[in-house]
Amino acid sequence: MPPTITLLSDFGSADGFPAAIKAGILKRLPDATFIDITHDIAPQNVAAASFVLGQVAPRFPARTVHLAVVDPGVGSDRVPLILISPGGHKYVAPDNGLLTHVVAHSGPLKNVPHEHGFLEPYRAEVPDRWAAYEIDPGRAASELSNTFHGRDLFGPVAALLAHGAAPQGLGDRVGEITCLNVPGPSSGGDSLSGRIQYIDHFGNAATNIREADLTDIEIIVACRKFVADGPVDSYAAASGPGAIIASHGFLELFETNGSAAARYSLAVGDRVTVTSRVEA
Amino acid sequence: MPPTITLLSDFGSADGFPAAIKAGILKRLPDATFIDITHDIAPQNVAAASFVLGQVAPRFPARTVHLAVVDPGVGSDRVPLILISPGGHKYVAPDNGLLTHVVAHSGPLKNVPHEHGFLEPYRAEVPDRWAAYEIDPGRAASELSNTFHGRDLFGPVAALLAHGAAPQGLGDRVGEITCLNVPGPSSGGDSLSGRIQYIDHFGNAATNIREADLTDIEIIVACRKFVADGPVDSYAAASGPGAIIASHGFLELFETNGSAAARYSLAVGDRVTVTSRVEA
Amino acid sequence: MPPTITLLSDFGSADGFPAAIKAGILKRLPDATFIDITHDIAPQNVAAASFVLGQVAPRFPARTVHLAVVDPGVGSDRVPLILISPGGHKYVAPDNGLLTHVVAHSGPLKNVPHEHGFLEPYRAEVPDRWAAYEIDPGRAASELSNTFHGRDLFGPVAALLAHGAAPQGLGDRVGEITCLNVPGPSSGGDSLSGRIQYIDHFGNAATNIREADLTDIEIIVACRKFVADGPVDSYAAASGPGAIIASHGFLELFETNGSAAARYSLAVGDRVTVTSRVEA
């Protein structure tokens, strides 16, 4: 049985684009099996796609092939990539920052430019023990449309990798890939200053602040009109706004049985301030 | 081949939560296969989830494992359950009423409190030939986040059950589970009084009135501004509002080529009155 | 391993209807495997369903069974069909025009009535080397609800076909099926006049104009408030409105990083005019 192929995209659910990719893979690899991570990333939202991919893909068994296509630059000269993780996961994606959160699992990324904006793309060194390859379309695709490289290029490459093809046969190794700037929080005086980096379907807002960043277990979390004591141990432990270390490991702003994002007009990029409840 | 694992939740389609559950299951059971029942239950709507689960899950082959997670009480002291049906279906879910319609297939539930509100939860006896177990997290989960027991607890339990583990090895047997009050219609004089219990994607409104409850084959069905003769034999047999015995076995209010719920402002819980078209 | 069964419908994602179909198929064919093409066709939109099915289904391997259910006439006397393509694909669908774009891959359809409206249904000859059968429900379904033939009839037929049953055992051969009128563009003087035939999730609008229909490589494309030079080679090559030969092979109207349909109020059926940029 070949390894599972996962799919993540902004193709939506109405038009059958993911099924067209799977059809092409099944023609090359009749016993392929698929898991959809999501196809409902907001159109062209590479940052959201990267966050979800980083949360979910590394949880699959080793050897899993991950096909990720949020690709506003399709048909331009943006590079198609294969990325191999130290654990043996194989990622196929356009080189536009989509792999940021996957790579960030290895630790802080190098060569982030100073004064670089939140989520701004830059060229990052491929970390030790990872390997990246620039796909040569001529070695993988028989025909390439202008608009759907998920079907015409990334899908066939995923099929080849799932079948056991070596990535070095599909492209040349490269030393840098595009990443988005996803810094950790900064601390100043008595407070910690972070950002909202992802808002989920429930309206819960994930910050970039990890449990280890907190210097106190009794905190006040504030962002726009949202203010809550925290962190609590369960969504049911607050009534109204609350803050919790959620399943992704980040401090999350939530509203019990409601949407924090809608209620407090929270958006990705918003500053989140954490202060101690105990006076110094 | 292990039995199919079905999944039902309110996780939505954007964030990859169901895929994170599947990833964990595949690590434990590499040849697991999945069918998604739905992940688009409205957030925290346990009653809707229960209706859909009750309609769909029992149609799967015996031995199927059903993972159902609509879980506003995640992280609190609500109990995680395994429920085994007489036909050999295995359900894994929080004990919050989600299994109501599955259990109701065995007949009317016992110990419903008098004067209990529609959809109000209560403690129900586990029916004869069914078996319920309170999952002991220590026997199934290696690590438990505050917010995502679908991934950290229910998923691993589903993997173990699909692999053939005995439920009594995962928790202690219990005699009661939480159910929602889903009464049948009441009859008074010449009329039958029921409720809308589910509204689907097309805006069709399912009542709690079954064909066997109808004492006449020529009826008038009314609910708010909706009035229709019925029951008809096909959606195409009415123009405008209509009433039909639908595929779930309940009397359903519909609008031909439109949404009855939107057009007549129908909501779950609304009273539906059925009277005879023939004067007595 | 039986061939893949694909599913396409307007059942939406919330109610579990596709899973109910799959449950019934798994009971008949325990090792069935499924690919969802989409279940998010707009309710009762047979034309959109036909376009998506025609784009995606033929890309699957030969022998694939395609179950397509957008069925406003369910329960009426509309005919249930099996259609076998020259390449060995097996389609199961109501006879309401859903198979139009699949059949149109064989070339222009015959007996289109003169002066027939865009997307208007008519009776078309089954093309050479294709075979159509009117399903006899008595030979395939054990019980037939009023409202859900996807579950009660089309699903069981798909299971039988995937198991290797001969279509002639399930119904009688017929010579005509219902198709929608999907004409090509018309040319008059210096311009080409086409139609928008599908709008996708990104708001990209597919016309019925193919690359081969264009007599010039430098064109101006206009539709309502949309005007663009074209065709370009990538979405990134335009800023604002653009026109491109997209992955479906048709000229497509798009807006870079936006929705052309929303921005220019484009709708299916709208006239699209193509003129040469070079003066004659």
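Should a chain be cited, it is by its letter among A, B and C, assigned in written order, with residues numbered from 1 in that chain.
Keep in mind that, in the parts below, a residue touches a chain if its C-beta (ideal position, glycine included) is under 8 Å from a C-beta of that chain, and two chains touch if they have at least 3 such contacts.
Note that this is a predicted model, so its numbers are computed, not measured.
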Checklist entry - Graph of touching chains, which shape: line, ring, star, complete, other? => result complete
Checklist outcome for this item: Mapping chain B onto chain C via their CA atoms needs a rotation, nearest 5 degrees, of 120
Next on the checklist: Distance between chain A and chain B based on Cα centroids, please, to the nearest Å.
Outcome noted: 33
Checklist outcome for this item: Two or more other chains are touched by the chain B residues 13, 33
Checklist entry - What residues on chain C touch chain B, complex-wise? => result 11-16, 19-20, 22-24, 26-27, 30-31, 33-34, 43-44, 72-76, 78, 145-148, 151-152
Checklist outcome for this item: The chain C residues in contact with chain A across the complex are 1, 4, 6, 8, 13, 33, 35-42, 52-53, 55-57, 59-61, 200-202, 233-237, 244-247, 252, 257, 259
